[in-house]
Amino acid sequence: MVKHVVTFGEIMLRLAPPGMERFLQSPQFVATFGGGEANVAVAVAQLGLPAAYVTVLPDANPIADAAIGELRRFGVDTSRIVRGKGRMGIYYLEAGANQRASKVVYDRANSAIALAKPGDIDWDRAFEGAGWFHITGITPAISAAAAELSLESMQQARRKGLTVSCDLNYRKNLWKYGKTAVEVMRELTRHVDIAIANEEDVQMALGIQAGVDVHSGELDRGQYEKLTAKVLDAYPQMKAIAITLRESKSASHNGWAACLNDRTGFLVSRH
Amino acid sequence: MVKHVVTFGEIMLRLAPPGMERFLQSPQFVATFGGGEANVAVAVAQLGLPAAYVTVLPDANPIADAAIGELRRFGVDTSRIVRGKGRMGIYYLEAGANQRASKVVYDRANSAIALAKPGDIDWDRAFEGAGWFHITGITPAISAAAAELSLESMQQARRKGLTVSCDLNYRKNLWKYGKTAVEVMRELTRHVDIAIANEEDVQMALGIQAGVDVHSGELDRGQYEKLTAKVLDAYPQMKAIAITLRESKSASHNGWAACLNDRTGFLVSRH
Amino acid sequence: MVKHVVTFGEIMLRLAPPGMERFLQSPQFVATFGGGEANVAVAVAQLGLPAAYVTVLPDANPIADAAIGELRRFGVDTSRIVRGKGRMGIYYLEAGANQRASKVVYDRANSAIALAKPGDIDWDRAFEGAGWFHITGITPAISAAAAELSLESMQQARRKGLTVSCDLNYRKNLWKYGKTAVEVMRELTRHVDIAIANEEDVQMALGIQAGVDVHSGELDRGQYEKLTAKVLDAYPQMKAIAITLRESKSASHNGWAACLNDRTGFLVSRH
Amino acid sequence: MVKHVVTFGEIMLRLAPPGMERFLQSPQFVATFGGGEANVAVAVAQLGLPAAYVTVLPDANPIADAAIGELRRFGVDTSRIVRGKGRMGIYYLEAGANQRASKVVYDRANSAIALAKPGDIDWDRAFEGAGWFHITGITPAISAAAAELSLESMQQARRKGLTVSCDLNYRKNLWKYGKTAVEVMRELTRHVDIAIANEEDVQMALGIQAGVDVHSGELDRGQYEKLTAKVLDAYPQMKAIAITLRESKSASHNGWAACLNDRTGFLVSRH
Amino acid sequence: MVKHVVTFGEIMLRLAPPGMERFLQSPQFVATFGGGEANVAVAVAQLGLPAAYVTVLPDANPIADAAIGELRRFGVDTSRIVRGKGRMGIYYLEAGANQRASKVVYDRANSAIALAKPGDIDWDRAFEGAGWFHITGITPAISAAAAELSLESMQQARRKGLTVSCDLNYRKNLWKYGKTAVEVMRELTRHVDIAIANEEDVQMALGIQAGVDVHSGELDRGQYEKLTAKVLDAYPQMKAIAITLRESKSASHNGWAACLNDRTGFLVSRH
Amino acid sequence: MVKHVVTFGEIMLRLAPPGMERFLQSPQFVATFGGGEANVAVAVAQLGLPAAYVTVLPDANPIADAAIGELRRFGVDTSRIVRGKGRMGIYYLEAGANQRASKVVYDRANSAIALAKPGDIDWDRAFEGAGWFHITGITPAISAAAAELSLESMQQARRKGLTVSCDLNYRKNLWKYGKTAVEVMRELTRHVDIAIANEEDVQMALGIQAGVDVHSGELDRGQYEKLTAKVLDAYPQMKAIAITLRESKSASHNGWAACLNDRTGFLVSRH
């Protein structure tokens, strides 16, 4: 029987004006749910594999119930989600147009996951039948307690023999609780089997300098091979590291490229 | 020149599903702004009188900007609004249907007005050219600081010679910061010229018992006259007290009645 | 551990114009899914009990996938649904207004459930962990094969010790495959523990005459007690029969009443 | 007086999610009607020429009534449409985005036109005042009966002296009733005055090999001239053949090119 | 062959906010077309009788084209509509709610029909194959020229032997071009075979006093019989007069009653 | 204290079908307000500077009230707007797609601003606290009276020491009241401090020939320098002239360039 992929992180209510309108130009928001780790769970489930999503959501809250229902609609196992204190995180998103930049307004302070701490999640239950655990660098950036909970999740996953993957995903507008990304992420990364990152993540989350030109938008094979080698050298337990790169072709079309260093070779793929 | 009516309180983002739908049945919210004191300012402005609304809203927040723009659209003077720390309060509203009750979910903790404290509002600026000040029993129920700020607003208004009106408006799901409504509202009511209330407000906010049958839905002239007399006796500075009563006629039509005791007589009006 | 309630029937795509519009007045349909047995499963799940829904849906069909996702969103176990040949049944619904009657257009011929036959559903899998089975008089009305499949489902459920409930639900615009409702439903009703019906169902599906005035809209206790006694006499295995009655109070409000005869007494409830 | 252009084929209900959404992401479908032959009739009418559309639609069906009303709105004469048995064909369409392909789900089996057979349409009435008849290779692909009806339509049109045009339009996901496109279309093409085709149609519907690179997206004058000459050689009654070519320039802009061989010369036009 | 019913009047663009919203609360209008005479033509066509609508609409105007397409969609013959100078009339409509009244804003000055004058319509073409002509008291109220055109239409219809019906329909906010309704309508009514009116129309358009209580909302048989007799006495050519009465039962349900005096008897019908 | 920027012109109701639909494909219009001078006032207010908009709008008209409310929402001072006779101007806009061109239908005759004449606006009130006045070549193109009112506005502004800017903005489909653009605009331009124009405006409004290739879409520095010098020579009071140029990069992205000749130098800026 195929084992579950379990992902862990925050899911927020995402409120966006319809179409290309500005905030409240019409008295209406398109209301969906967003969170990178939940997206991974949905994608895995849509590909036909068993996927479960773990998070902490506010108790007795119909908006959180709707978020769970939405994940279930896509076939994600939501029975391991914990309900607790705190609120549902929200972000507002206004699409840009022409010379006007897009706007994001976060309203995620005191969310249930930000208030959660080690011991709040029953990892035996969360990892039942699981073979893979996926986490990102966003959760440890939310609060000191969430960082400790992230560390706990990875230690527990490793103890139970799961493969641990982590998308380092550095976000400079988080990390406001007193510790730097490097202080926290270096420790967490020691429990990672498969890392996913880009050059900015490597630099800001691990403190490893890369001579890569971030804005060239083209994949320089040699530079990326060196960069991934540096990370693998620094983290001997790590089995592989992948780098993804979006190449903007036009407003509505992107090309995607990725490279993988699994210590046996370096692969590049484009689409 | 006609003097401004100034109202003071909290304005929140109000998110409701379209039509009679349940929360997130469609991925959409109708997004408007709600707050009793702001509604009074809008109504006054629509009647053609100068009206200003005072509140504290989060700084550098486009949703708060939109709330201000919406008030301005209705002709309310928003130049006295203060921007500060904290978030924009939110409430989610799902309409009921048949045997299904309506649902309200509040997400207003740590709103800018809840965090505001005496001294945060420049009352000289707020009351410029004003002849009337209106407040409700909702603001002092939000937080201890907001209750102190409410008291300050009424004292300042009285000192400047404004007429002070207050809709006692008792809300049992607020008042969670340690003080009871009676403890706070009795003191505030000593600064009120014109009170607006119903029998529940009088009992829960002022501790004055009323022999009125709340659920009869009909206005008993004698009982209401006695009740208003009791309040006027308890608060000698009060010039008048009004009671409003909604008479539900059908799902879509309500009758409205009101009575007024201004110490010179007792008037009843129905519509 | 609480056992599952399993319901079985057809779920169709329901296409309705927005609001009170007529068919295609705007180029738009509100698209949801409808089916009495699925509704029961959703209601049971929303009440917090384990519920599963069994049906046959067309294979490799994204609209059927969406129907399954929608059930899953409400917490219904959809893992027992069988995919097969045939199409997704559809019905178009236009709301009435004033003197204009509502319109329903069925397009359900050759649906997957209409083509299904005994043997197509693995009842061991369908009834795993189940304690209750619910069916209606609609499924046996669709096609001769569906009637045989319905009989099979009830026999299997009884064999496994499940409580079998059946909403007789007579629909005169179905029953077009050559047999009458009475011919089929009398046999099926011999496997029912709990029947749900109104006076028209009892007459048209079981051939038992009732002296009840269908259109009075009021519940005559004596007449309903006699009617339910007649049914219990005719079906000795039946443990109880319930009658539901909708009392139209206005265009938007209905009263609901129900009565139950469980051989030990006769109860009436109104809401 | 200008004579009517009469077109003949199937018109289906087209259900698509709003914007770029996936099937039933919102509970809503944009509902329009689609069919190449109806589109030609609408285009002719919009250009100001008299146009009539002939088809068979289900009797006593408000969705079919709406399709007729929509054609009438664009000025198409719908008085020659025949109502009969069967259902309204449907297709569901989900737009693609980025790496995600678009999806089409057909639900057109047992449509009224698929069930129609020679004799069901009164061609004297259908061709009243007509000078031109247009048909496509889609109708003969639906069912054996529809293929015979198509042949009848063309024979009748030729007998009455109408110009017959046919868009060969090969669709590989149709042609499921036992005959191949080549078997059927070769016979029908013997009654065509003006053919419209692309290189794939010529090969799959007529069995004539073309050395044209379908995917180059550019019009090679020489190759197309040879290809059209081959078709004209094979069908001596044919007066002209046109080839249309869409050149994809971006996601939202296409260039259009066409060439025409009318036995007197070879013309190319781009736009 | 059944002869056409021809109706004549103004059709306007009708702009209303969605649902119960106020003007431009959302940046959106529901856009349909309104006009009593066009409504009659649509109703006749929907009942299956041949109906034609005659009016003057602005030339080279896509909004007018859309109005014509919409009528055609409902099966109305629009080929007799004349295109001329002037603009498309518009009215804005905001629904009332509770104590708030509904609002109508007219923007119909200089519409094509208001500018039209005798001779602009070819009545031989307009009345081809017609047996009945319907007009209302709205058109002669628009402008002096439209009143003359109305008289011409009725004289021509009578000359050709058509039955002429007229809904007197007095609107006090029209009649602004210098003549009173009584001056104009008395002359026009001399060409009417079948009149439709209520007591206000009879008084304001014909100057005949009625002792009917307009606001009682109930049909007093005796009073209405007297009133219709008075009108028939005053207009000897008139064959019959009908009175319609809407009885408001609730916000969403109306009862309808009508009475008819055809000189042979007096009939009352309710629904 | 920063002085107000005052703009003056016409604001119209703008009715557009949703998305890429054609006129009344759905019974719906997106309803906003448009007018270049109002847009400038909104932009100035959004940048944080005090802005006022002056126009004449129809009295007692809720659509005009809504236009004012909308401007107020964006922080524009609307207290100087005059209400008068006439109607609200309207324009209908249908977006183009692929080979189909966009369509604009104007319905602005007899608008309140078109009927306004010198003396209707109290310029002392309009220019209170103002430092800058902005007008365009559209207003003088509407009617002879509006042209005289435009001249009056500029003379008054100059008399009061305001800087006067004018966007020449030649529109060939206006200018229908008997005078040519050159006749009128040459006189007005003698009161302009800062002109904004493109090469077509300079030629059609001022009669100054430019050797600029309008359709090259690229900014030729030398030619534009010569053109602006010619205008400055012809109008000695003018302090500066700016030219804006939109460079179409794709359907959804434009580049913007501008150049400025302020008699001390010639600057070019691109974005």
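A, B, C, D, E and F label the chains in the order they appear, each numbered from 1.
In the analysis below, a contact is a pair of C-beta atoms (placed from the backbone, for glycine too) under 8 Å apart; a residue touches a chain by one contact, two chains touch by 3 or more.
Fair warning: this is a prediction, and the values are worked out from it, not measured in the lab.
**Student:** Taking each chain's centre as the mean of its C-alpha atoms, which one ends up farthest from the centre of chain C?
**Tutor:** Looking at centroid distances, F is the chain farthest away.
**Student:** Could you compare the number of C-beta pairs in contact for B-F with that for C-F and name the larger?
**Tutor:** Higher C-beta contact count between the two pairs: B-F.
**Student:** When the centre of a chain is set as the mean of its C-alpha atoms, what distance in Å lies between chain D and chain E?
**Tutor:** Computed value for the inter-centroid distance: 44 Å.
**Student:** Measure off the straight-line distance from the CA centroid of chain A to the CA centroid of chain D, and report it in whole Å.
**Tutor:** 49
**Student:** Residues touching two or more other chains, restricted to chain C: which are they?
**Tutor:** Those would be 19, 27-28, 69-70, 250.
**Student:** Looking at the complex, which residues from chain B come into contact with chain F?
**Tutor:** The contact residues of chain B facing chain F are 69-70, 72-75.
**Student:** What residues on chain F touch chain C, complex-wise?
**Tutor:** On the chain F side, the touching residues are 25-28.
**Student:** Considering the complex alone, what residue numbers of chain E touch chain F?
**Tutor:** Touch list, chain E to chain F: 15, 23-24, 27-32, 61-63, 65-66, 69-70, 87-88, 90, 92, 94, 103, 105, 107, 109-110.
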